[in-house]
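Below is one structure; the comments refer to it alone.
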Amino acid sequence: MTHTNSTRFAGGSGFAGLRERFAAFRGGIRGLVMAALGLAIVLLVWQAIVRAFSVPVYLVPAPTDVLVALYNDRILLAQNAVPTITEAALGFLLGNIFAILVAISFVYNKIVEDLFYPVAILIKTIPIIAIAPVLKIMLGNGIEPKVLIAALICFFPTLVNAVQGFRAVNPQLIELMHVLSASKTQVFRRVRFYAALPYAFAALKVSVTMCVLGAIVGEWIGANTGIGYLILQSMYVFDTPRLFATIIVASLMAIAGFALVTWVESRVIHWDPGENF
Amino acid sequence: MPVAIDLSQVSVTFGTGDRSIEAISEVTLTVQEGEFVSLIGHSGCGKSTLLRVIADIIPPTTGHVEVLGVAPTDARRQRAVSMVFQQSVLMPWETVLANVRMPLEVGPQVRRSPDAMSPHDALRLVELDGFENAYPSQLSGGMRQRVSIARALVTRPRILLMDEPFGALDELVRDTLNVEILRIWKETGMTIVFVTHSLQEAVFLSQRVAVMSRRPSRIARTIHVDLPQDRQISVKDSSALGRHVSRLRAVLDEG
Amino acid sequence: YAASALLGSSAAAHSEPLSVQLSWLVDAGSIGEVVALQKGYFADRGLDVELLPGGPTANAIQELLGGTVDIAVGYAPQIMYAANNKLPIISFAATFQKAPLTFFSLGEKNIMSIKDWKGMRIGSAQSALPQVIAILDYNGLSLEDITFVQAQVPALLQDQVDVVGAWPTNTAALEPVTSNPGGYNTQSIWDNGLQFQSNYLIATKPTLDEKADLLAAYLEAVDAGWSFAADNPGEAIDILVAYAPALNPEKERAALDVMVSEYVFTDETMEYGFGNVSSERWQQTLDTYIAIGEIDSSMTHADVFDSRILDSVETTKR
Amino acid sequence: MTHTNSTRFAGGSGFAGLRERFAAFRGGIRGLVMAALGLAIVLLVWQAIVRAFSVPVYLVPAPTDVLVALYNDRILLAQNAVPTITEAALGFLLGNIFAILVAISFVYNKIVEDLFYPVAILIKTIPIIAIAPVLKIMLGNGIEPKVLIAALICFFPTLVNAVQGFRAVNPQLIELMHVLSASKTQVFRRVRFYAALPYAFAALKVSVTMCVLGAIVGEWIGANTGIGYLILQSMYVFDTPRLFATIIVASLMAIAGFALVTWVESRVIHWDPGENF
Amino acid sequence: MPVAIDLSQVSVTFGTGDRSIEAISEVTLTVQEGEFVSLIGHSGCGKSTLLRVIADIIPPTTGHVEVLGVAPTDARRQRAVSMVFQQSVLMPWETVLANVRMPLEVGPQVRRSPDAMSPHDALRLVELDGFENAYPSQLSGGMRQRVSIARALVTRPRILLMDEPFGALDELVRDTLNVEILRIWKETGMTIVFVTHSLQEAVFLSQRVAVMSRRPSRIARTIHVDLPQDRQISVKDSSALGRHVSRLRAVLDEG
């Protein structure tokens, strides 16, 4: 879903562009306050419910219990975040780089694409989590199976999006390159590559969250450290406040990854990918 | 004068069987070197297809095509033909200069051929010097179209194909660019084939206007424009031009 | 301590690598292994041991078969199912003399024996279903007489089940049950016809044939580790928590005390030594499983247990 | 990624439209053959590797082993598919209906949207799978926790997409309705609703796959039947061929769901959502 | 003749502080009932903003607006004003008939007011009878714009605001629609305010052309068009029209 108003409604593009910018500006200040308020309301209601019905802490802790756990276990949480971040980051790099390389090979070889792109879409529907144990046996122990699971989770969405991106080039630009007798590689390096970037980033934004989940699930098949390990361990001894605190750390990791990719995107894509000149 | 483009009995059919569409049918057209010919006709009558055949983007289904005395593919390889589209088709991720320099960097003769123009000169020709480092998004529609013209000129093509290049611009900007393309045509001595929907524009610019009929699409009539060679923008509102436009309108309504 | 670690690592240069798949996350249940590792008992015996933690989706036996590990720690049913599938694995010792699985109910329910389960909702991990069937059978009941639910301790407290299976060693999770004002009742599988042992050491048959001396050395070191933990529980817990910092020392200490006194060192270890496995008990267990149709009737204790390693090692008798 | 060429390159829309139709036509016949061939190649390579290195079947079964298991266990697989399909379908309905209702409430009340939309985006980053055990304890043993997990997995993506969709209306259409003094409800029922449909379907297509996974994970934490149960059970008794067969059934369920949603979409959206008139 | 639209000293500023943009500045303009007035000016000079103020989409920052003797909001509520945009803004999910009927089904007086037109009549007026059940995607650009005109007419507005309604169409289609809108204007006796970039179109259609200057955007000049009331398409090529266009070009180049 990367539709911007400006793409859909090319007619009023200058106008819509401005309006969006104003909205973003308003979102910047008022939006932040409202979001904080919204979060506060949700937390307060949660706290009130837990206290009013005196829900036992091993079932659902109150937000304050979770806050206390976040504070008390801050060192433990930080220590366990490190391996998970490492696995997720490596998996992210591995999965996405490989996906983009495969997508490139598809561009260069239409037959390979016709043969294996549908298979890729098929494999995409297999729940990776279900085959995690098999991967572990094939890869042994250590960091590899976790990285591979994170990578696999990233691989297919990025592949599909990158292929879409390489295809989504203005056909007139391709005709222009043809009139200039440009080679396939030149068309790729000067046109398709850039045209695919917005699609690739859309996929990266999804996969950065997914690869954190991948690393966590990877840790479930056997680890001494990591967020996934901590989730299991906390669940085993019913330390629910720490369990929730750990989940919050996991979701912070996902948010941070998302923010990082968005930032890189804003650096790399300095043009308006919605516009067409 | 030598012949720049020679089309004889050219037909193009898309698809096969029941679903096939004959986009153009037995078109015969000769364009002299240095001529400015416009192509008009209703939407979908095959104007773009005709340009694509000349530019060697589509092979003709039947018929014979010669560009500068050789096959279109050879003409294309020699960089003798450039093309300008309705959308300026710039690469939004490159600066104006990089966009204009691009034709010199791709294709078989990547080494700069001696008769290529410098990108700076090309930008000067379209009066965009000073905008080298701007990005397309920072330019107005008219300026973007100028950049795409500069990009077409940088290889010093002997034939320039323009497919409704000013169709997306507003009329005031369009008028300015009309005058400008005439100036460039005179300065370079190129052959220009120009597709447009605007009768006024076609008459104002061309020495000859070819009118295409509705399907089966062929050249219905060719009209010579006997306006003075030196055309100011005020010529657009002149009654002489008005008379030509009336004649074209009549031909179009027929076919 | 630093010096011994250094010594260990230099000794490791010439020592045999051995990787061990634990049955679960590292906690008090594997304190013997951790102590042996950290205090250099493995290194002293020329072993370079790597301990691999388990998890809910880890499958120790498959690791073993896949060749990624040399020894796996596992449970009796796993061994039986694998042997039943003709997979070439075999157990050679057991850390726990008694399988701890015990069924807890709140005092208010007055469930004093398995017979009282009739019509009740019985909860446990899915993998414990065969054990439930077996003890029902032993007590003249069948699965039709109860409602089986996959559940954990909180389900008992939420009144989603009447009885829940858990390891008494997990004192932390059981705390709300053990502190119930109305008291609580227990039925262990051990007392109800299923005299499993637990935390079996398992290897593939080829490993057992070719590397018997390594397995024996490993068993010795683990024995030393557990004996140390039994003698110095405080220091052992410190070592454990240093190794796995997410663990809570008090909770692990409570668990360790139960394990040492009830499960690892028993009357039988007093007589036969640490890690003892009884062939008769295996046969009895197999017969129970054959009776409920879970495994093939031709299975004997020789398919699941090989006594050669235990016979070759003199383990601690306490 | 709902960009069609025709939206991006409004200029050549008729042309691009035709070209696309030709491609789709070619894809229909040649594409199917190529896809089948690609799948066959992958399966053959897999079979060859398994046989050549004589990988034991309990580790990785050959495709033929899996096929045999698929055939032998067909009744078992079918029986266990039923509860999973039920849970996934209920979760799908519940999660998506609720998401769309919330999105509608956001349209009607800007303040509610400003308060809670960011919270929703935040919650979206929480790995649902990680909190599955907690949900189970809260909801008991029946079908409810499985449905709820499937629903939760659907809820946030659909909410975010529906809100985007309701916003993505041609601003000139809104101005037109304003000139006609149309009420908020009229604008909603005549314009926003339809404008949001393509976005909603994009979300539904994602969530239909996710809700199958949600149901499976729900079954992992406690069930006697279902695909998730069968995966665990097959793993536990070392029946790897059946494990793979079960995973294939899971991915067939996801594919079927996807196809169903796509079919409904083609019935409901009879106009070209990329075009703008 | 009574006054249809009365703008006095109308300014519109977007944003506040440093980032504010004065889109139009102290515009004063009076349009008589039944008049056809065109608005021309460079891109971004505020033509659309002016129409939006009249249609009560944006309130003026300062100045006074009266539409048919009342405040714009009241005029809007009475359904006295309709608007046509550059894009036809049809609802692609509805048939042509449903699109045209829509204005009768929304808004405060959902009950059919007696002076509303039947949607079929509106479609007949734009010569699209027979296409009731087609969907917008099945129509050409020109036909779509006709539908949006029919939709604007169905409430029988006394004022029709048109914001570059034919800007996206090609010239041949545009010429046809120009003749048609003149016919409709005569048949209905509406007041029309028409924004365009085309000088020729402005002159051909209007009784009066208002030229807006670049920022600060105000009405620079108003030019009366003294062409015969009955204008055939051939008038477009006439020298009388050419003279008017020349004058407008001069005014535009100044401002």
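Note that the chains are named A, B, C, D and E in the order they appear, and that numbering of residues resets to 1 at the start of each chain.
Quick note on the criterion: a residue touches a chain if its C-beta (ideal position, glycine included) is under 8 Å from a C-beta of that chain, and two chains touch if they have at least 3 such contacts.
Keep in mind it's a predicted model, so treat the numbers as computed, not measured.
When the partners of chain C are compared with those of chain D, the chains appearing in both lists are A. Sorting all chain pairs by how many C-beta pairs they have in contact places A-D at the top. Chain centres here are Cα averages; for chain A and chain D they lie 17 Å apart. Mean C-alpha position of chain D lies 46 Å from that of chain E. Mean C-alpha position of chain B lies 34 Å from that of chain E.
Centre-to-centre, using mean CA coordinates, chain B is 83 Å away from chain C.
Contact of a single residue of chain A with at least two other chains is seen at positions 9, 11, 15, 59, 133, 137-138, 170, 172, 217, 276. Residues of chain E in contact with at least two other chains: 85, 87.
In chain C, the positions touching at least two other chains are 57, 59, 62, 66, 154, 158.
Chain B makes touch with chain E in their complex at residues 42-43, 140, 167, 170-172, 175, 197-200, 233-234, 236-239, 241-243, 245-246, 249, 252. Contact residues on chain B toward chain A in their complex (touch as defined above): 52, 55-57, 76-77, 79, 81-83, 85, 87-93, 102-103, 105-108, 135-137, 144, 155. Within the complex formed with chain C, the chain D residues making contact are 56, 58-59, 133, 137, 140-141, 221-224, 229, 232-233, 235-239.
Against chain A, in their complex, chain C makes its touches with residues 19, 21, 25-27, 50, 52-59, 62-63, 66, 68-69, 153-154, 157-158, 170, 172-173, 176, 243-248, 251. If you check the complex, the residues on chain A that touch chain B are 170, 172-173, 175-183, 186, 190-191, 194, 197, 269-273, 275-277.
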